[in-house]
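Here chain A shows up in two complexes: once beside chain B, once beside chain C.
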Partner chain A sequence: MSVDLRGGRIVVVGASLAGLRAAETLRDKGFEGRLTVVGEEHLPPYDRPPLSKQVLLGRVRAEETALPRRREVDAHWRLGVRATGLDGAAREVLLADGERLPFDRLLIATGTRARPWPNPAEAALDGVVTLRTVEDAAGLAERLAAGPRRVLVIGAGFTGSEIASACRERGLPVTVAERGPAPLVGALGGAFGAFAAGVQRAHGVDLRCGVTVTALDGRAGRLTGAVLSDGSRIEADVAVVALGAVRNTEWLADSGLAAGPRGVACDAGCRAFDMYGIVTDDVFVAGDVARFPHPLFEYQLLSLEHWGNAVAQAEVAAHNMVNPGPRRLPHLSVPAFWSSQFGLNIKSVGVPTFSDHVMVAQGSPQERRFVAVYGYRGRITAAVSVNRGKWLEHYQGLIETAAPFPPDWDGVEPPASRTPVPSDVPDPKVLSHGPTVALTGHLPDRRLVLRRWGG
Partner chain B sequence: MKIVVDLNRCQGYAQCVFLAPGVFELHGEEALMYTPQPPGEQRERVLRAAVACPVQAILVEGRDAGPASGEEGRSGVR
Partner chain C sequence: MTAADTASTGTPGTLYSRITDYANRPDPYPLYAELREHGVARQDDGSYLVGTHREIAALLHDPRISSDRRNRTVPDEMQGVPVAFIGRDDPEHERLRAIAMRPFGPPHAPGRVDAMHDEITAIADELIDGLRGRDRIDLVEDFAYPLPVTVICRLLGVPREDEPRFHTWSETLIEGFDPTPGTDPAERQRAALQARTEMGLYLGELAEARRGKPSGDMLSAFVNDPGPDGGFTPTELMATAVLLLIAGHETTVNLITNSALTLLRHPDALQLMRERPELMPGMVEEVLRYEPPVQLLPQRTALTDVEVAGVTVPKGQPLVLVLAAGNRDPLRFRDPDRFDPTRQDNQHLGFGSGVHSCFGAPLARIEGQIALTALIRRLDGPRLLQDPPVYRRSPILRGPRHLPLGVSGITD
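Our next item is the complex of A and B:
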């Protein structure tokens, strides 16, 4: 490491998983300068996955999810204050309290927030909630513990499905309203979604697909129910809006960076691009807010709302912030995530939405123990296991080596049929509300160049 | 004490469930559910579970004091 990169001022904006792991890695790699971590929430970094699982089941308090540190981090923590702007020329981060934080290198790790219900008056009804933060989870857990007559979950992505699972486990009647043809379609495609729909219904979920919620009704400021687009009406005391996430990039609107609703574009070394597509060398990006090129997926820019990506990308970004060009590393890890719902452990490697076909490679969906393998133009691009996580590593190897699809490997528990079927993923050009992976690259429909010269 | 389990890495071997049953449990066949801030009296059991984990998926804050190095318990890339 060159001496000048070991010192100076580094500002990390975002104090969740990616921000914390980056701060630790910076110190691990020998950064000796001034390190400041800015976080909008008052709480020290905490872990979000339990918020839709253990916490909603009442087994863990929302406040008891603080992330363990890998090491002591000598940093100035500016918690409870939002970053409102970035002056790239002056190299300053603007804070909501008026302070300007000067930096030599900046890491953007502002993540995402829950997409709010679009009608503000309905969203303000007591009983209409979202789930993203500790505060959200504590409030929702309390509402579930109070025994509502029915819970309405709007959106059947992973978060919505996990919430519905927790409701059923607590014995609460729950209705799930999903715009698409089945749950999890945005992330895993229609073929897998049909399986997920069967699981939900078998667990007593009142699952309504192909419908939207057109109105939330209230009386005296309290939610009483909802009207669906098919004309039906649901009586509910609680409505959880689980319509996916919005990337926190608004504060970068005037920064000159390539930042927008799909995230902040960066190179394989986590360096941010500016709005002209020129790579910066002092602004880095990591976690849910980043969109980065991945060679396994034709260098399309990927946005991953994955726990593992936040960790891995933060480590690479931090390494590159304190190392000169030839020693820099690419962020190449294969995307992976998990979900537990309705007693099933669902794990994924690769990018299931980057596929045209899918087949059951091992096990049996009827027995709810199987691996589904996804292929794109004759090579394996993803695999999803249900209660068979031990098998997944093998398929990760196949993805990394671009093995042919359909796979010819004859493993244990051969499936009843090896016929690939269309994976039926939504058009990636459309911003879907629920995917945890968004293929955001190319945008062939937007032949647009914006030029904005100095001043 | 604070812990986090890298559930991408976890393969449901359930060694932790046997060693610290009050902290780790299987929810269904292989989904691990755990208490992120177990009470202090569980510390020895949790450290034993972290060491025994076949895929080293359990990160315990301040584990350096225990029998294994912190590096092994790091949350991984996968």
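Our next item is the complex of A and C:
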């Protein structure tokens, strides 16, 4: 590491998983300068996955989800204050309290927030909630513990499905309304979604697919129920709006960076692009807010809302912030995530939405233990396991080496059928919630400019 | 088993016979280096040895590799023996392992192992108290063996005083796996099967006696709280209990003894551990890499033709994964032959990996950490009286049979 990169001022905006791991890695890699971490929430960094699982079951208190620290980071923590702007020319971060934080290098790790219910009056009803923060989780856990007559979950992505699972485990009646054809289709496609729908119904979820919630009704400021687009009415005391996430990029609107609703675009080394597509060398991006090119997926820009990606990308970004060009690392890790719901452990590697077909490679969906393999144009691009997560490392290797799809070997727990079916990945526009993986950009071989020589 | 029955009957020449040759037990590592050079080494009997980290790690996660010897197309004397989940594939493996896990770990009993911390510490201290007044001890007989035996007996619900009985069965059974037979293999197998049967019946009776009278141990739980998906059949219970009792007391003894031996061979590391006892978890991980108690996995079989490092392992052929060789692979570990308790990024293969990763690993870890913490704190001036020590016979569960130490005293 060159001496000048070891010193100076680094500001990390975002004090959640990516921000914390980046701060720790900066110190691990020998950064000795002034480190400031800015966070909008008042709490020190905490872990979000338990908020839709153990916390809602009352097994863990929302406040007990603080992230374990890997090491001391000796940072100035500016918690409870929002970043409102970035002055790239002056190299300053603007804070909501008027302070300007100068930096030599900046890491943007502002993540996402819950997409709010679009009607503000309805959203303000007592009983209408979202789930993203510790505060949200504590409030929802309390509402569930109070024994509502029925819970309405709007959106059947991973968060919505996990909330519905927690409700059923607590014995609460729950209705799930999903605009798409089945739960989880946005992340895992229609074939898997059909399986997920069966699981939910078997667990007593009143699952309504292909419908939207057209109105939330209330009396005296309290939620009483909802009207669905098919004309039916749901009586409910609690409505959880699980319509996906919104990337926290508004504060960068005037920054000159390539920041927008899909995130902040960056290169494989986590360096942000400016609005002209020119890479910066002092502004880095990591976590849910980043859009980065991935060679396994045709260099399309990926936005991942995955715990593991936040950690891996934060580590790469931090490394590159204190290392000169030749020593920099690319962020190439294969996307992976997990979920637990309805007694099932679901794990995914690769990008299931980057697929045309899917087949069961091991096990049996009827028995609720299997590995599904996704393929795109004859190569394996993803695998999703249900109660069989320990096999996924093998499939990750197949994805990394672009192994042929469909796989033609028999292994432990051979499936009943080896016939691939369309993976049925929907257009993100028809989903209630945003997809957890957004594939954006265009194919690298697509010609946007045709150059004619001579004549 | 004594040092007298150490003659090798392995065919000279093949790498596997040299690895399993008792004469090479004190230091098999040069042979492992040779194995890594070969990549994948086909043996005369049609089995394939793998000793590189990358390939072993991949095979441990490869669904084309079976742990069930019934899938072998070569003659296999072990076929037909009732085995527990260690020798079965999913879904059978997963079902049996989940039933066994129910009273032992998450999700049903997440705090079980941690709750034993104080009890294990008390057992360790009691054993060391018993060494007062001696200037010479056998670390194996006096400490490393009785500690895990007492722990597994209490955990399973086996009377400690029956140790001579089950220890004889256990040794006979392990000899049945031993690829360097000192006796006629058919006779060895017959004796092993009989030992397995007797041990199973013994444990089955213990469990049955607790039906309706649960006493907080795992055998009680197996018969009284089988869980939502049903419990073991009587045969499954016996096979599983045999596995847990053997694995629970034949492996941790090696972990403790190998740790002590390694630290005494590396005075700098021992001094470091005295000064910084908080490094103990990493020290135990490093022993699991550097001198793993389970050296190799002889049970795997290819379910289809599988290419490993450019060699096609044919369907039905035995695969032997030499974990201890992978643990010293210079492509994975920097200075692999250096013992470094502060080593980072230590993804060793000491507990295997994948669906068959060591069932008892959490218990082994805390037993090792507690045992070594107690030894380092309380043994004054320990020194090796014999190096290399006399090893146990098994090339699979490798560790000293005796470890004579001189000591200057015992600290309170």
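The working rule: the second predicted complex is superposed on the first by the 436 of 455 C-alpha atoms of A that agree within 3 Å, B and C clash if a C-alpha of one lies under 4 Å from a C-alpha of the other, contacts with A are read in each partner's own complex, and residues count from 1 in each chain.
By definition in this document, a contact is a pair of C-beta atoms (placed from the backbone, for glycine too) under 8 Å apart; a residue touches a chain by one contact, two chains touch by 3 or more.
Just so you know, these numbers come straight off a predicted model, no measurement behind them.
Placing chain B and chain C on a common chain A by superposition gives a clash between them. In the superposed model, B is the one of chain B and chain C that contacts more residues of chain A. Of the two partner chains, chain C is the only one that A:Glu367 touches; chain B does not reach it.
In the superposition on chain A, A:Gly397 contacts chain C only, with no contact to chain B. In the superposition on chain A, A:Phe337 contacts chain B only, with no contact to chain C.
In the overlay built on the shared chain, the residue A:Asn119 is in contact with neither chain B nor chain C.
When the two structures are aligned on the shared chain, A:Glu64 is found in touch with chain B, with no touch to chain C.
Legend: residue contacts after superposition of the two complexes on their common chain; A:Ser229 is shown touching neither chain B nor chain C. With both structures placed on the common chain, the touch criterion links A:Trp409 to chain C but leaves chain B unconnected. Only one of the stretches 74-82, 110-118, 236-244 or 254-262 belonging to chain C has C-alpha atoms clashing with chain B in the superposition, and it is 110-118.
Residues common to the contacts of chain A with chain B and with chain C across the two structures: 369, 387-388, 390, 393. Residue ranges on chain C touching chain A, taken from their complex, read 57-58, 61-66, 89-91, 94, 303-304, 354-355, 357. Those residues of chain B that touch chain A in the complex are listed here as 2-4, 6-8, 10-12, 27-31, 33-37, 59-62, 70, 74-78.
Contact residues on chain A toward chain C in their complex (touch as defined above): 361-363, 367, 369, 371, 387-388, 390-394, 397, 409-413. By the touch criterion stated above, chain A contacts chain B in their complex at residues 21, 47, 49-50, 53-54, 59-60, 64-71, 307-308, 311-312, 315, 333-334, 336-338, 340, 343-345, 347, 349, 369, 387-390, 393, 396.
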